[in-house]
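Consider the two complexes below, in which subunit A is the common component and subunit B and subunit C are the respective partners.
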Partner chain A sequence: MIGVRPRGTPACPLPCPRQQRPPATQQNPFRQRVEIHKLRQGENLILGFSIGGGIDQDPAQNPFSEDKTDKGIYVTRVSEGGPAEVAGLQIGDKIMQVNGWDMTMVTHDQARKRLTKRSEEVVRLLVTRQGLQKAVQQSMLA
Partner chain B sequence: MQDRLHILEDLNMLYIRQMALSLEDTELQRKLDHEIRMREGACKLLAACSQREQALEATKSLLVCSSRILSYMGELQRRKEAQVLGRTARRPSDTGPPDERSPCRGTICISDIRIPLMWKDTEYFKNKGDLHRWAVFLLLQLGGNIQDTEMVLVDRTLTDISFQSSVLFTEAGPDFELRLELYGACVEEEGALAGAPRRLATKLSNSLGRSSGRRVRASLESAGGSGGSSAASPILLPTPAVGGPRYHLLAQTTLTLASVQDGFRTHDLTLTSNEESPAWLPLYGSVCCRLAAQPLCMTQPVMSGTLRVQSWGQVHGILKGTNLFCYRHPGEASAQEDPLFTIAINKETRVRAGERDQPRGAPLTLSISNRYGGDEVTHMLQMESRGALQRWMEALWQLFFDMSQWKQCCDELMKIEVPPPRKPPPVLAKQGSLYHEMAIEPLDDIAAVTDILAKREGPPLDVPPPWLALFTEKLSTSKLPIHAPRSPSPPRACPGPRATPWGRPRTLSLDAVPRGRPPLPPRSSSSSSSGSGSPAPRQRSPPGRGFRAKARPWLQSPV
Partner chain C sequence: MDTESTYSGYSYYSSHSKKSHRPGERNRERHKSPRSKDGSRSEKSVTIQAPPAEPLLGNDSTRGEEVQDDNWGETATAITGTSEHSISQEDIARISKDMEDSVGLDCKRYLGLTVAALLGLLVFLTPIAFILLPPILWRDELEPCGTICEGLFISVAFKLLILLIGTWALFFRRQTVEMPRIFVFRALLLVLIFLFVVSYWLFYGVRILDSRDRDYQGIVQYAVSLVDALLFIHYLAIVLLELRQLQPMFTLKVVRSTDGESRFYSLGNLSIQRAALVVLENYYKDFTIYNPTLLTASKSRAAKHMAGLKVYNVDAALMAKLKLYITDGPGNNAAGQSRAMIAAAARRRDSSHNELYYEEAEHERRVKKRRARLVVAVEEAFVHIRRLQAEEQQKIPGEVMDPREAAQAIFPSMARALQKYLRTTRQQHYHSMESILQHLAFCITNNMTPKAFLERYLNAGPTLQYDKDRWFSKQWTLVSEEAVTNGLRDGVVFVLKCLDFSLVINVKKIPFILLSEEFIDPKSHKFVLRLQSETSV
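The block that comes next holds the complex of A and B.
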């Protein structure tokens, strides 16, 4: 399979050419596509970030959301040098989709499960980034 | 008349007990004693209970116990007879001359029993709202083993009688006869029993519960005053003091090896009651079930030992079912690893001692030939000693004999699930209050949290994340790694595979309306995008959160 990192190799410190982010999707300029190749650590495949949020969680405690009733899934931490950082995921990103699965109306545990499926070595995320949002908004206003 | 009957009954009980004792068959005696005690208990329960359902259950237990007692009695009589005539008790291995083989035993399982009903139009129109109900159950007998299914209530809204329970019989031979008897009782509001002699007859047929019961009743009614002690009269057992609901035999059938199949089959039922009988049910006349058999030769290893196989070397062979599994050494088999190779042993296999064109004084060999399509594959097995060769040959011949006796059961192993012991209906999990959903864990310490994170992620977290300053309350921690041992959790509808130190995500709490918030809409999987393009963000004032903030730390999970 093209694009699959062989198992057991450590995370590459330099961004790999194939993982350069494709241009933002045309439908919605706020969204980014991030492709993360999972890293094998012993028995587990990890992505190297943490998530917070979910429809069963209290959205008021989410430090990253602009709208404090937003129950979406947010990236709360990105481990240094991990697959997520290499792929371009940033702290504060809101995850909209994972491999096509919607993540805007899921529980915390469901979100975690959709990211940690053992059968999947690559996850393609659709994320929204506030900084990007603001930048586009500003560029539109100007 | 009643007194005479009572005396006869008591004498019979005494006779039963004495016979059991005299025969010194402790196993049977113990079983008999157990059933007698159960029966007495059921009688007492029947006398004491007030509810109809209880009475039905108690009468059913009574019937089952009585059947078992009768069956044990029959067995005892046979053994007593044999003893008196000077022969030893018949055991399966003793039958016939020593070189005659007997097939191995097996386990028979009958499950998913369904009996179709055939309601007529009259049933709908004649009652005018009254729902006639019947209580039915099945009595199954194989050899001396009697088992029953659960009692099911049937009315005209059902198209079939379905029994969920599955029944298992062990130690059955391939010549088994599984007798199915369907008993039914009419469940009515009024419990009128007409006349005293009829009452007695009713009680008797309750106790005996079989065609013998009907015969007794008939003989009592016809004979009038005589104690019903004709030659065909069976043993009379003590009757319960009060008359309970009446079970009648509605249908019966006998299943044998020919009916065994790894799948559902329909068999014919012999209907034994007609429309005049009070408990008559419109049965369609067939019964659908799954009758599976597992002969011991398919589930247990028949023979094992060291072999030397041509072109494979020395292996440890285990003969089980339709295969000879060959492992490198015995440890592999117990470790449940895959065998080195497998030789098929089935009805088509040919086994021959020695080799073709064998020179004189040749080693002890066995050849096993199978046909695969057009090719014939032969394996040569070399034994360690003549004794080993004899044992293997014997095991193979026994296996072939078992296969010929158990027929279709030896083609492939039929799956049998051991049914769990029948429990009373489970108590519903308590729908607790919010407090039940809060997990109280000692991991409130942020230092402990950062320690855990440090251990997991490797590089130490010297600086706490910048957003930590935003919060005054303690934050939640990451979840435990996947391979951590599971902590015990309260019984709930949707458990997660990993233990969370902060309690499980509260998917059940969608209905719990928090203070000042509207109720949540039902979750749909095809929800449209949210978040982006939202209106001006609404800031929530921290004081408005109240106790909820403390109770619900915002979960963060590493992925």
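The block that comes next holds the complex of A and C.
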């Protein structure tokens, strides 16, 4: 059967780009790409983090956003040892894209659906982080 | 000081120590005399002996003229607290200094009253005269006039009755005040009525009496028209005198000069003197009673502020020598001196604010302690009294007391605590033992609780609550830069002065209110939940 693979190995139907930090000159320096390989637990594929936010939610209660009118999707919890932590996702990250799909103007449920598609075993997120700006600037100066 | 020289004219009535005329007032003289000798400024602790009402009016106004300046007649006017009739004068412009000089105040009051009464009588009798004169004078020539005339007679009679009742209700009220200037609207109305009646009489005399008109029905209808017109004038009087000022247009801020207590009152479009009257009527019930003993602390502080500084006068010769080096010459010496003094006082580090703070805190504590003791004492005293029911009164023949005796029985247990509390709050001269006993009997009779009994003593009440002898405010002077018959305007300031203090009144206009409407559909009240859900993926 096509596509059967043992449990736990990452699925890579297409040639996967090696996970690396993109050179600062090519991309927006404040964003980071995170590639998470989903973990199979019984029937479900889990990513190991929780999201909050969405255009149908109340942005004022978001503890991670700088601008309290920002209705984007934020990472509210990262479970220990899960695929997200392994991939480098941190709590408080704002998810801008998931596999090319925009996540800045979606409802909470749409975001959940895009992350938990059963047909995908790898999700590539574009996240932005508050401390990232300073870290990149420091590394550029150094 | 200016104020002291003004009041020196009243020295006939003043005494520098308060009279102690009630038995049982202990320690009051001791309490008072050290304070009056305190400080470099003498206090104006003057008392007006309770004067008889009538002669005081005449005496004080003339005396007031002697001690005040020549412009008194133009600007300052007197309102007294007790009098009965309003004045009306013929000419508004002839506001008379000479009138008050030549004729006494009594005449002025009665003059107005007699004029109004005569006019009223004339007005009332005129229609009757119109109807009765033709039958008396030329009965034979009159055309007979049957049913119609009788109907008109009835209508005239009832309209006159209504007019009489209305006039009695509107004009014959007991006046509680005497105004300094005439009441403009009343004077205008009297003049109007007079002209009106005179013109009707003229017409009647010329056209009817002289020519001996025979049409009696016409004459009776003429009389009826007069009565109708009088009723309309009465309506005009109601509107001008009563209704016009009902709608509030101004708010008056009244501030007492000695302790800053202030109140706000809303008024309609009144003249200054009538507004002053409203303020005074409300003063007696709204403002707490003026207590001169409460002011001694601030006066002694003020004396201490300036006492520590001395000013040395530089010799004029030396000043001349140093003229090159100093900017202000000898002429500016006084101004420079006071400026230097004020500057030095401001720069001086004094701890008087500290003293004030601790003194006030200490006083608060002491008052609260004494109040607690007083409340407990009174509650314990009231426990001993029980009201007898009607049927028990026969069973216990001895030991039954009426309220006065019951009050006297329980009074000694609370007397000391009450006395101490009153002394601490400096109210002891307002309550004599007799008055306390009376109040206690009154409270016992009306089944009041200890707290209700104490309500009168715990806080200073309005002036009306106390005995008239204790009031410091019975004769008032209205001081105003504008004529007092002018209407109120935004920004007008006038002062009501009495001997010991004054009320400064500031008039503010109630702003124009633009009220708009917004309709809310009851179905438009819809709500959503504000969610913040967290989903784990």
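In this text, the second predicted complex is superposed on the first by the 109 of 142 C-alpha atoms of A that agree within 3 Å, B and C clash if a C-alpha of one lies under 4 Å from a C-alpha of the other, contacts with A are read in each partner's own complex, and residues count from 1 in each chain.
FYI, contacts are C-beta pairs under 8 Å (C-beta built on N, C-alpha and C of every residue); 3 or more make two chains touch, one makes a residue touch a chain.
Everything quoted here is computed from the prediction, not taken from an experiment.
**Student:** A:R112 in the overlay: touching subunit B, subunit C, both, or neither? Say first, second, both or neither.
**Tutor:** In the superposed model, A:R112 contacts both subunit B and subunit C.
**Student:** Given the touch rule stated above, what does A:D56 touch, subunit B (first), subunit C (second), both, or neither?
**Tutor:** The answer is both, since A:D56 touches subunit B and subunit C.
**Student:** Examine A:E43 and indicate which partner it touches, taking first as subunit B and second as subunit C; both and neither are also allowed.
**Tutor:** first
**Student:** Which partner does A:R77 reach: the first (subunit B), the second (subunit C), both, or neither?
**Tutor:** A:R77: touches subunit B and subunit C.
**Student:** Check subunit A for residues that touch subunit B in one structure and subunit C in the other, and list them.
**Tutor:** Subunit A residues touching both partners: 46-47, 49-53, 56-58, 60-62, 76-77, 79, 108, 112, 115-116.
**Student:** For the complex, which residues does subunit A have touching subunit C?
**Tutor:** My answer: residues 46-47, 49-53, 56-58, 60-62, 76-77, 79, 108, 112, 115-116.
**Student:** Spell out the part of subunit A that touches subunit B in their complex, as residue ranges.
**Tutor:** 28, 30-31, 43-44, 46-47, 49-58, 60-70, 72, 76-77, 79-80, 94, 96, 102, 104-109, 112, 115-116, 128, 133
**Student:** Where on subunit C does subunit A make contact in their complex?
**Tutor:** Against subunit A, subunit C makes touches at 530-537.
**Student:** What part of subunit B is in contact with subunit A in the complex they form?
**Tutor:** So the residues of subunit B touching subunit A come out as 457, 459, 465, 467, 470-471, 478-479, 481-483, 496, 504-507, 509-510, 520, 523-527, 529-534, 537-540, 545, 548-549, 552-559.
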